[in-house]
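The two complexes that follow have chain A in common; it is paired with chain B in the first and with chain C in the second.
Let's turn to the complex of A and B:
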């Protein structure tokens, strides 16, 4: 066995080598403040990732690349977060570990439940309840209300609602024939989606407004039979965004910052200009881990982790991350096309679109290609809610990649 | 099902397009925008490195310290020894107001940091960088001070340089400002309508007036267009426009040499029409008009009209009026070119760069940037310019026992009073110094106001500068 050595052609092993080198670099960087628990946590994470990838290969009959891609993304994220702030890095290790556990739990659970498709009404009420909770108990943070705190644990209900919404849309279109027969049945989903978007707007969570709108539009484009309605929706969403620009100052400010952040460099444009400095400073190859100053960017480990990665690892790594997301989305779509069960086909699509759109919005935002809205990069940014919900979504996608023995009714 | 898959693929293609555009944008950003953005003074990365390094001194050609840095607690203070005198050469370096002139363009040299930050980090491991390099200027402090005193109270520009090597001995632009008290004066400086921040030598564009006739003469000599029996009546009509001499009275029967000596407008106007714009502009461009001039500070491009020009435009250009616009530095280069056997050399402000250990790590090299005219034409021009000073319009530039070559100019200024010009060099047989003097909106002739200033500068330069 030992004579065979490590097979470098197995991606799992390449990931392992990458992580070991990065971990070593990090330990060198923090060699003065290193304690034993950090080393143990770091090594155990690498071990968990390796074992999980190995186990998944044995367990699943479906896709065995998406989990690998995601663990690669998380590894890059954790290295950067740990370099910026070791305490946060420490917590992030726990979140990733928990995320992987939740991934497997979701995987086994979703496989067992057979009636997911017919719970349309539950998805709806659960979402409404979460929205209500956010508005009642939510704490305003940077202008948006999207955090609630229960018994000392804070979380973002929107992260859960995202998954619920995908289930909602999937169960609607999976039962489309039944809904069509009802009076107004054609408009159920449209109404619900506008309600959701309205709630998000009330929370002033513009990033989520964008994510939900695109998710909804994309799935409606694929599945809705009334094509005029699709077109109309498209027009309405564009019109309302123009209206929002005119009416609401906080929307207008985002646009103004986007057009010329240098004018507001001391105030509202501070974050984005700091982000641009970081990316510009990195060049193609980056300054090297620990040699840049990503800590100049406020909120760097959450919304601006991409800028930090670009500064210290170069935009080539940045492009690498974009490509990883591209492959993830591509695998997701492939899973969807191969899935015979319509409900899971739509769920797989929804999750892939979610990953794609969410990462695009924040990548585009921090490089000033599109207006900036503060959201996290799935699997990469620091934060529990985002990490856990993303791993749950991945677990569902993993189920959807297998041949399911659910009867098509 | 078929339709569904088609639409799914459409959405996939859409998302892929978004990601690809992201990659393209990021690359575009890095290639075209990044360097400008990095240099923004709000980028704290610039300062974090700088504040640990003792910024190098700036000294004149004789070793006199013009600017240096001094430790003050944890930070370094920049001291400018001569206030206003070097505002347009050295400029300033402040955390809150940014940098200008040599402080800006030689920032990395003064801090001894290289372009690549990774390389810096590596080097810092071996030998921590604590002290920058010293800049040795080609400026002669005495001549610089002397020249500024001559210009005091006026608006304008002076350049004095070595025509053979391109070394700038003095470069004055007034009004100027005091870099030492920039913080207190900032609002006044920015709001002053005379724009004290503008370096008139390199960035001011003016009509050259009759000084430009040396370029016209060069073109006429080269193309052998010599009106030998021209009868000057003091004015001529071109395309319905009357073009007059400065005094308005005729010069009588003259040839090209006399036309230049007495600065006869009708002569040049008439003969330039025979020359034509193509041949004319070709020579003008060899004298660096319409050309980028590579210098230690950014230089505006001088302008010579080439497209959509009528007869009146050509006639106006021949006497340095109309659309022709030049920088005083360009005029000094024109004089230098004629002095230097027809070759224009690259102007230089930084003579040497010396490391903190006293080692010379870079020395400027003489570089011919344009062969303006051949040696015969240059000699003929030189002789005409000597006559112009001895018996013509430039008499006020005459020096006993030294043959001065020069040309005066009085440029009509559409937006105010006339500009007074003088360009020249001396000694004619072995030129040591070339000058250009511009008095902006002076309202008198170049012969009466600019020529005496040029004379004094030439005399002082010949007296004090030894190479």
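Let's turn to the complex of A and C:
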């Protein structure tokens, strides 16, 4: 066809212009300390993004929006990270490049593998192994043990476990009829999920506890036939969060900061108040890149990147990011609805819920709408594990958006 | 110097981001618009073979066929497709004694049935592929 994808050019070119302007501005900002490799890396990333968007249109018969949206999100993220800290920005460029490579690798691999849905037991043991590794080899970093380093490479196992968990839940519900016949088969998944959440509590990784439990509850709510069990789980979750508040002092601190951060402005509430100042400082259009002071916020390139973006690029950009996530999650749901294969339908739903919940928790956290738990914004925040695992999840979503020739058993 | 640039560019950034979001929403809108809720279990219809998102104009996934249906670019047709390669009145599908017949109305770029350029009136059978302009339809007859 002559004009295949004629109108996909518009967003692709807009993205290209956006990146070029941003790159130019960043080099003006850092013109005294420029080094050549950064320019080459930056330009090649822009090139890779453009080519990938172009190629994807040819390769895939599925959705073409999600990758566009995601590359826009990571472009906004990288500009901000580079402006805050050029070293981190440089690393982030490499991470995004690797992420795109992994995206395509996952896409082709998942398409080849036909028996994903029957590997329930492997997903379980792999997750347990990763949890065990985290607890044994993990390093405590700001109260939570969620980093391990093997041979100089540090990574967050929870990021991998997220994807494994989605596969686990999907393979459980795709084979639900088989599991139901077994004794206690109805409770397998519930037991496993409580075990996972218990592990995360041991790591004191509250953000992940929240992500895992809401992901599990959402999917269970949709697919589980025993409605009483779903209600019971809700009740248990509410009870355990109250218990957590009473038992763990760091949960209580989070909650108190959320109610009134101004009382603790010089200690525990410093981060959130600085974030609020930053957002307020920016106004609708922001101070302009390089003209604000996002570096006043601790952890700004990870959890608080959203506040930094709001300060320097304006709350309108912030709203733009939220809208992009909204479209991404909407596309995810649409993909899930259109998918005929039950396993991939649940996987697509799980991944969209994961993106949605993760972004909601952190956006809500930094604007003090819900208690703050430190997690990363997928595709935007600085961080290798988070970026790579998000791109892998996106690759799986891309596969799920196509009509698959895997026969339904 | 940098300050001025930065202040100018912040507006440009916001404009680009919103244009980007708008263009994606528009693409998705074109995508949704074509979904018709009618069920087509036991009727005769044309089914679009192309992927709708790749076409730069509005087109539906399904077009149910009645006694006499015209397809073309003009607004007075039963099936209106704003494809520049389609003529104002391009083709006609007419039902006669339970059979459907396809006729090209002297269109500029022609109509193709299963890859062959249509010269005369042809009887349609289930599974025929009809190509007009940039798009291709599948003829489905469940009667």
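Operating definition for what follows: the second predicted complex is superposed on the first by the 400 of 409 C-alpha atoms of A that agree within 3 Å, B and C clash if a C-alpha of one lies under 4 Å from a C-alpha of the other, contacts with A are read in each partner's own complex, and residues count from 1 in each chain.
To be clear about the criterion, a residue touches a chain if its C-beta (ideal position, glycine included) is under 8 Å from a C-beta of that chain, and two chains touch if they have at least 3 such contacts.
Keep in mind that this is a model prediction, so the values were computed, not measured.
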item	value
Chain A as common anchor, with chain B and chain C clashing or fitting	fit
First (chain B), second (chain C), both or neither touched by A:18	second
Which of chain B and chain C A:253 touches, first, second, both or neither	neither
Touching partner for A:288 - first (chain B), second (chain C), both, neither	both
Touched partner set for A:325, first chain B, second chain C, both or neither	first
Partner chain(s) touched by A:337 [first = chain B, second = chain C, both, neither]	first
First, second, both or neither for A:296, with chain B first and chain C second	first
Partner chain in contact with A:160 - chain B first, chain C second, else both or neither	neither
Contacts of A:195 with chain B and chain C, given as first, second, both or neither	neither
Overlay on chain A, chain C to chain B nearest C-alpha distance, Å	6
Overlap of the chain B and chain C footprints on chain A, listed as residue numbers	285, 287-288, 291, 323, 330
For the chain B and chain A complex, residues of the former touching the latter	4-5, 7-12, 14-16, 18-19, 21-23, 25-27, 29-30, 33-35, 37-38, 40, 42-45, 48, 117-118, 121
Complex contact set, residues of chain C against chain A	1-3, 5-7, 9-14, 16-21, 23-25, 27-28, 50-51, 53-54, 56, 134
Chain B-facing residues of chain A, complex	218, 221-223, 262, 265, 273, 276-277, 279-281, 283-285, 287-288, 291-293, 296, 310, 315, 318-319, 322-323, 325-326, 329-330, 333, 336-337, 349, 353, 356-357, 360, 363-364, 367, 369
Complex interface listing, chain A residues touching chain C	1-8, 10-11, 14-15, 17-18, 21-22, 25, 28-29, 61, 64-65, 68-69, 72, 76, 285-291, 312-314, 316-317, 320, 323-324, 327, 330-331
